Amino acid sequence: MPATRVKFYQTGSFAVGNRLLAPDQRAVQADATRTNAITSGHRACQGCGEALGARYVLDAAARATGGQLVVVNATGCLEVFSTPYPESSWRVAWLHSLFGNAPAVAAGVAAALRVRRRADIRVVGQGGDGGTVDIGFGCLSGMFERNDDVLFVCYDNQGYMNTGVQRSGATPPAARTATTQAVGPEPGNAFGQGKNAPLIAMAHEIPYVATATVADLRDLEAKVFRAMELRGARYLHVFVPCPLGWGSAAADTIRLARLAVQSGLFPVFEAEHGEVVAVSPIRQRVGVEEYLRPQRRYAHLFDPVERTDVIARIQAGADRNIARFGLLDGGSP
Amino acid sequence: MFQVRVHGRGGQGVVTTAELLSVAAFGSGRHAQAFPSFGSERTGAPVVAYCRIDTRPIRLREPVLEPDALIVQDSTLIHRVDVFGGLAPRGWVLLNTRLGWEQLAIDGVDRDRVILLPASQLATVHLGRPLPGAALLGGFAAVSDELVTLDSVLAAIKGRFRGGVAQGNAAAAAAAYALVRDARKESVHA
Amino acid sequence: MLRQLEGSQAVAETVARCRPGVVCAYPISPQTHIVEELSAVVKSGALGGCEFINVESEFAAMSVAIGASAAGVRAYTATASQGLLFMVEALYNAAGLGLPIVMTVANRAIGAPINIWNDHSDTMSQRDSGWVQLYAESNQDAVDLHVQAFRLAEELSTPVMVCMDGFVLTHAYEQVDVPTQEAVDAYLPAYRPRQMLDPDEPVTIGAMVGPEAFTEVRYLAHQTQLAVPARLSSLAGEYAAASGRPASRTVCPYRTQDAETVVVALGSVLGTLKDTVDGLRADGERIGVLGITLFRPFPLDAVRTALRQARRVVVLERAFAVGVGGVVTADLAPALRADQRSYTVVAGLGGRPVTRASLRDVLGSAVADTLDPLTFLDLRPELIAPALEGA
């Protein structure tokens, strides 16, 4: 691809490759010749975690595959804000079909590429949490079961954001959404058992499952590279804060992602064939409260009265993750 | 047009019998059509299949309501299902049974129109399993070889089955053919 | 070469010879024999350059086909009834994206109540989806239509469904001539997509189109459909020359030239209908049949021409619109003049056999103009009386 004049907006983080690093250690995002798979001009909200995550993921995938990449996108924010006809911000071959079928469509693309004897062209399917863990779940499981040669990426902002912030199967307990309002004796989303998509992916014993966030850019890129070294069904679950849906400041997106990790609420790990093989340890643990406070979707836990009982239950969830994944011992569970 | 209705129970190869009859008729130079009447596909449940044979293309798709011939693969159906319904005035019946005429207690069909053939027994001997279809087809050819010859029946069997199963079925068909042919010669001479 | 074989098998062989790149399917009666046969053909290696994908639902089946087709490969699937409905969102998606997918639908009733037998409810419920719909009268017809379907789909960039009556055709043994591989190759060239997913020439497929352009997109889809009858005729002519059989036609008139009464129908019931009409002709009735092969787009001009001299038209429906009446009747109405009478006879729902005897009876009433405008053939009063009494 020809060199593209990309604008570097990020400062104050490692996002724009540290010039003290050797070139090969710098992030893909630091490279002026990166694919820029999703280029500027799209209509995402200020501070959109998904736009950030998608750019990191796809530029890394394009780097890993020499640009031989096809992307299949589910319906959702990412698809809507990137393709307002007659404009498109995609610089890669890209297909959007429906909400619930991205994994199946991606499987079809992969099969066609094999038939065309172009298995060198790799397929990435992507969508939000709604399209992945709810409406697309059947197709996702089918893709896993067949071990289709697709990397499927879920950008998890924990709700149906594009349609007005409704609850999804990925919405965490106590969070306010349009369909789990902060009213009544138990405001916000119910405390259920959740739907842990990475663990479900692991239960399918596929070659690679990983979680990542937009707080650690290089970790995210590394996981994409790792995934692209492998063939078969691979799943990457990326935590992406949504300022609009979460009621957080646009400038807080990366910070909130980091807090989710440091509190233990979002474990970061890798698994292969159903076994955890690597865990990112928590360097500086924080209580969940520090993570919850900046988000107005949790405002009812602090105002008018602090709901220490609810916060304690959320903390218990974080504690469980820490124990389960060994997030503080730096080793495997 | 010659219309055949095949009765039996699920698992006895009733549909296969009708299909192979159509293949044999085609092999004998005719137009033929075979299709099942579709009930639930449960082993043991009554099943019906149809076969039409003609010298001209067959367009009709309704079930066979007025059969010129009946093949009954399971005699236990006789008093439970209206097996003989619509049988044409000169229509005949090929009945798989080891029983004698009196024991069968068949009502409403003349003795001289029913051919009794121990097809399951022949199948057990030649094929090792009591699947009577091939033997019944052999018997059918013996009754009306202007429609379907034994050779075409054997070719149809060998086209559908392989190895020992093909040979066993073919042997059963040939044995049945001989049995029915000889019985008819006897009854003519009697 | 003529052979005696099962309809499903004939279709599977034909589709295999059309060299699909991806076949994906989810089993549902009565389509199962088709996909089983294709899976065996692919697995044995007999059909090279093809992947057979067992999917987890019909929605996934059409989705895999969409992905494969968009990536530049000839894609095929098959379904029936509930399965067709389960993939409806994807049906519209495929049509809207202009993907030349070919699908066999083994026509079967839609529940509730669940019913696995043949009628046209399934495909007719999707007549607005943008798919071309072809209805086969016989298994030979089904074979020939599939080959032509791939050509038509790829030339016009529109998906095509070939409808064949479930069980009645799919599970019927009759003689068929499946075109040889050479014959199919000569007629059906390799798929050359209008556009496809290619990293070397990246395109965005499936953009969001707002009010400012959506109407135009749909208008253009309509224009594509309007081009189908003429294109189909020319493709059919080419196929006929190659196969030696009469060309497939959008509508097939039978003894209509001097007919006062014309019975209109689609699918396998046409066989029984023609036998019935021959019987009535022998009795002196001036009656004929109009078979419709191309149902979507609806060939209004051809139908109008074929029915021009008829005084009355009887539409023999294999589906119906609850609370309204006939489906084909409604499509056909603009073709009739005010002086032409039309009768709707709903027949064979849920696989009830349509017999010559019943047809003779109802057509006798039609000819005498003593028939109601809407009749359900062989309706069983003893089953409905108790329910209606209570109402």
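As written, the chains take the letters A, B and C, and residue 1 is the first residue of each chain.
Just so we're on the same page, a residue touches a chain if its C-beta (ideal position, glycine included) is under 8 Å from a C-beta of that chain, and two chains touch if they have at least 3 such contacts.
This structure is a prediction, so every number in the text was calculated from the model and none was measured.
S.K.: May I ask you to sort the chain touch graph into line, ring, star, complete or other?
M.R.: line
S.K.: Chain with the smallest distance from its CA centroid to the overall CA centroid?
M.R.: Closest to the centre of all protein C-alpha atoms: chain C.
S.K.: When the centre of a chain is set as the mean of its C-alpha atoms, what distance in Å lies between chain A and chain C?
M.R.: Roughly 44 Å, centre to centre.
S.K.: How many angstrom lie between the centres of chain B and chain C, each centre taken as the mean Cα position?
M.R.: The separation of the two C-alpha centroids amounts to 35 Å.
S.K.: How many Å are there between the centre of chain A and the centre of chain B, using C-alpha atoms for each centre?
M.R.: That pair's centroid distance is 66 Å.
S.K.: Please output the residue numbers of chain A that touch at least 2 other chains, ranges allowed.
M.R.: None at all.
S.K.: Applying the document's contact rule, which stretches of chain A touch chain C when the two form their complex?
M.R.: So the residues of chain A touching chain C come out as 67-70, 72-73, 79-80, 83-86, 88, 90-98, 100-101, 104-116, 121, 138-139, 141-142, 145-146.
S.K.: Can you list the residues on chain C that touch chain B in the complex?
M.R.: It comes out as residues 3-4, 6, 116-117, 138, 167-168, 171-175, 268-272, 274-275, 351, 353-357.
S.K.: Would you mind writing out the residues of chain C in touch with chain A in their complex?
M.R.: For this pair, the touching residues of chain C are 21-22, 24, 49-51, 53-57, 59-60, 63-73, 75, 89-90, 93, 97, 197-199, 201-210, 213.
S.K.: Taking the complex as given, what residues does chain B use to touch chain C?
M.R.: My answer: residues 18-19, 22-23, 26-27, 31-36, 38, 58-63, 65.
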